[in-house]
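Here the structure comes first, spelled out in structure tokens, and everything after it is commentary.
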Amino acid sequence: MLNGRDRQLRQITWDAYSQLSLPDKAPYLNNGRRPYHVLLAQQFDRQTLDELGMLATSIRRIAKSKAGMQFLQDLLCHKRAMLYFTQPSSRTFLSFYAACQIIGLSPAEVRDSATSSEMKGEAPEDTLRTFSSYFDLLVMRTPKPGFAERIAWLLSNTERPVPIINAGSGKDQHPTQALLDIYTLQRSFEHLGGIENKNVVFVGDLGRGRTVRSLSCLLTLYPGVKQYFVAPSELQIGQDVLDQLDAADVDYEVSYDFENVIPETDAIYMTRLQDEWDKGENDATKSDNSQYFLKPEHLDKMKNTAVIMHPLPRRDEIDSRIDVDPRAVYWRQVRNGMWIRVALMASIFGKVADEIFNFYELNM
Amino acid sequence: MLNGRDRQLRQITWDAYSQLSLPDKAPYLNNGRRPYHVLLAQQFDRQTLDELGMLATSIRRIAKSKAGMQFLQDLLCHKRAMLYFTQPSSRTFLSFYAACQIIGLSPAEVRDSATSSEMKGEAPEDTLRTFSSYFDLLVMRTPKPGFAERIAWLLSNTERPVPIINAGSGKDQHPTQALLDIYTLQRSFEHLGGIENKNVVFVGDLGRGRTVRSLSCLLTLYPGVKQYFVAPSELQIGQDVLDQLDAADVDYEVSYDFENVIPETDAIYMTRLQDEWDKGENDATKSDNSQYFLKPEHLDKMKNTAVIMHPLPRRDEIDSRIDVDPRAVYWRQVRNGMWIRVALMASIFGKVADEIFNFYELNM
Amino acid sequence: MLNGRDRQLRQITWDAYSQLSLPDKAPYLNNGRRPYHVLLAQQFDRQTLDELGMLATSIRRIAKSKAGMQFLQDLLCHKRAMLYFTQPSSRTFLSFYAACQIIGLSPAEVRDSATSSEMKGEAPEDTLRTFSSYFDLLVMRTPKPGFAERIAWLLSNTERPVPIINAGSGKDQHPTQALLDIYTLQRSFEHLGGIENKNVVFVGDLGRGRTVRSLSCLLTLYPGVKQYFVAPSELQIGQDVLDQLDAADVDYEVSYDFENVIPETDAIYMTRLQDEWDKGENDATKSDNSQYFLKPEHLDKMKNTAVIMHPLPRRDEIDSRIDVDPRAVYWRQVRNGMWIRVALMASIFGKVADEIFNFYELNM
């Protein structure tokens, strides 16, 4: 069960570990090409992203037949996954749940934000260690930033470490959302030379949306991609993201004029106002942001090969009449999330990924 | 995935569709003998009811052995079902859940009435479309009348329609309850010439009980059945139901004298006061309805071949000492609900029903 | 489905049954060596405990390989279990859930304390009888003492009795916790002559902890075991427990000096303050009990072969720095709970236990 990464983690305290910068954390998180823990979007390198995409596509095609599904379900039928979702999220939960069912992982769930153990005064670390005792994989969604990482570090110091997938931690990280976004771009541009050299525009609530931050970071792995950030000034992308892009020598543009940007873009990534994080009264939330909405009249200005993405849920930022346009891929994006999560689980239990590629070559 | 019905639904807007009368909706709901969506009790014709009953009985017998259970579980092992129960209902939920397990459908559930997506301002239609992306069948129980129908119509306009089973929508419809009632009557009168020409008496809260309305409607498909409605005047059956019976030229009797009716009946269908729908203060609920209760002293007046049914939960309307009488079939009715739901799922994935009949002929 | 015990229960009313003393209840609960219902810790005899331990160990070793897991999952793949947990308990719930997954029992769950049926005025007995209709095994955790026993008695009077496992009933009973404690002791002293003649010390909240009461009782089955009870006076073990020990002619010691006892003990069983049961204001809860905590400095005084146990969750009574000491077995105890529950389920469906022993002899 132990691997190189885990042994490394043993030699470092939590305080020392958590002081590290992201690049320095990487060796603790990314065991070469196969992630054992999936904690941060930034842990993925280009090769891993390419492999995960190929794996997801193989799985998606294998799953079309009953025989293929039976092959997949047999792969991890001897393993159990716990979905620990103390932050409500039906869509991410169901996506992981279905992914478990596809790959044969028996799922169990904890969804109460207040478990009985907390009432009994137990430390959250003890609770998670107990729950992990029964399972072979933890998928965690919690409101606490960094909590999945802390549990990963903690379990690495025990006799029975289990891989952890961060399924969203507060405003902080949601790495599998970033993976499904990348996979959607991979699929969309599969016959158009790949993601390289495409123009990607982020629209809406860019300051608070963790999906935008993560995807922006992963896109730096694709040469020639230009990123646009289109939002009202109160909701614009953070300077820290732009600094990262500068550091990576990536071309980008900050804009307040959506209409003007539309004709140039290959992918429009719409986002929703994240006002569930709002606390203040005089918030930007109250502004009229309709100039940053995608409307049917915009469709004529878009490239024929462009795609419209959205992490969902949406409100008014995409008119529902756009749903039937073939360039609207946000519903397919939902399915992609399920497939990339299957791929990720296969990848965590390394040999399984190889079995899938072998089956694909022999049978498809 | 698409079939004739779905293509038809594409050509009609929701407003136009929802204006249709029940008979005119039928072609959109009932694709010949196999229901793709199960939305209304009224969508079933006699042939479908007969086939579902035969299928349920075959399944029930096959399930008695481990080898039989393994055969059944293999049938839909490549499919996943979502049980979306935003109205609390443990019994219907567990019945569907067990039915999924028997036929091998991997179940997942949403049971919160307030999902996170609603908090984020998402339209319910988007929520359901998202959830449906991960699954091959939706079983829905919601407090909103017509909601399952609306989602069925909506998904039919997408690239990935999935069959929907209405597991109860407010006061409105509960078609699988009607199916299990019919199946219980089929089993009870299997060696007594079938349901035809039997006297069925409905007792209790007839005005508000959707199960009574649905069963009354389905019984019109069986020639010679006479229906009795026995209830205090405030709780009597609605005139619209009687009008339907008139239109179908069905014999019926409205009565206020339970004792008098008992000796004539072949099936007594007891119901519970539905006071969870009560809003007013001066409601009939407060009346003493004990003259409409079934008591041990009534048993001597009943035919030996008669059956006592109840959709459950019960309160005082059936004395628990009656439970041991062989004519009390309400506990068997509960099991019948599970079997007919397995049959329905098999029937929705058409080829599976044929496989079951074949297995039954070869092995039983 | 019926067996000797069930037929006996038929001949006795609930009132008559519930008046019986524990020994007199035994024939209704313990069908020779195989428990059909698991209701009380006291129902287990020594032979059953030995067999369950051997079975758990066989299962644990078989489960190490994928082929072994597939063998196990096939054993009860034709059965369904309902986990009815109306008292919150994620750890016990997950342990049973994982146990079901290991032995192939399809699990379903009811976790709401307020089910819709209760709102509709249904008797709890009716609710449980309905739920049991869909399943082959009930695992029940409720706040009501004796409720699992009552349902076991009730279902025995029906045509479809199903085995019941009490997963904790209020302050009353938690028999599977007692089993996992015994199994942990069996494993710990496997190469040290077994549990016989060991010194076991219970520390902490002994008056209210049901686990201590149950384990103390089961330990009387092992000759030569001396029991120590170390606690502040307000939290000391009840006189009824001591009376039982006297009756069984078991050696014990009531002590207020933890430090003094440590060097003599083979197993230290630490417990947590059960203040969730507190109602009063001036409760002992407020006292400083830190002299009954296990601290790193105690480790040097302990035997090398001693073990430290805790039913978890813990608070401050065991310093987390002790976790890495090889004598701390409380995390292994958690896993043991899962394995003994698998063994118990196998044992309930008798033939399955034999299949496991056969497989073990042939393959391991």
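Residue numbering begins at 1 within each chain, and the chains themselves are lettered A, B and C in the order written.
Going forward, a residue touches a chain if its C-beta (ideal position, glycine included) is under 8 Å from a C-beta of that chain, and two chains touch if they have at least 3 such contacts.
All figures in this text were calculated on a predicted structure; none of them were measured in a lab.
Trainee: How many degrees of rotation carry the C-alpha atoms of chain B onto those of chain C, rounded to the nearest 5?
Mentor: Between chain B and chain C, the superposition angle is 120 degrees.
Trainee: Compare the two sides of the chain A and chain B interface and say whether they are made mostly of the same residue numbers, over half shared, or of different ones.
Mentor: different
Trainee: In angstrom, rounded to a whole number, how far apart do the mean CA points of chain A and chain B lie?
Mentor: For chain A versus chain B, the centre distance works out to 41 Å.
Trainee: Would you please write down the residue numbers of chain A that are in contact with two or more other chains?
Mentor: none
Trainee: Spell out the residues on chain B that touch chain C in their complex, using ranges where they run on.
Mentor: On the chain B side, the touching residues are 65-66, 69-70, 73, 87-91, 94-95, 97-98, 101-102, 272, 276, 312-315, 320, 331, 334-335, 338.
Trainee: Could you please specify the touching residues of chain B with respect to chain A in the complex?
Mentor: Residues 77-78, 80, 82, 106, 108, 110, 112, 115-117, 119-123, 126-127, 129-131, 133-135, 157-160 of chain B touch chain A in their complex.
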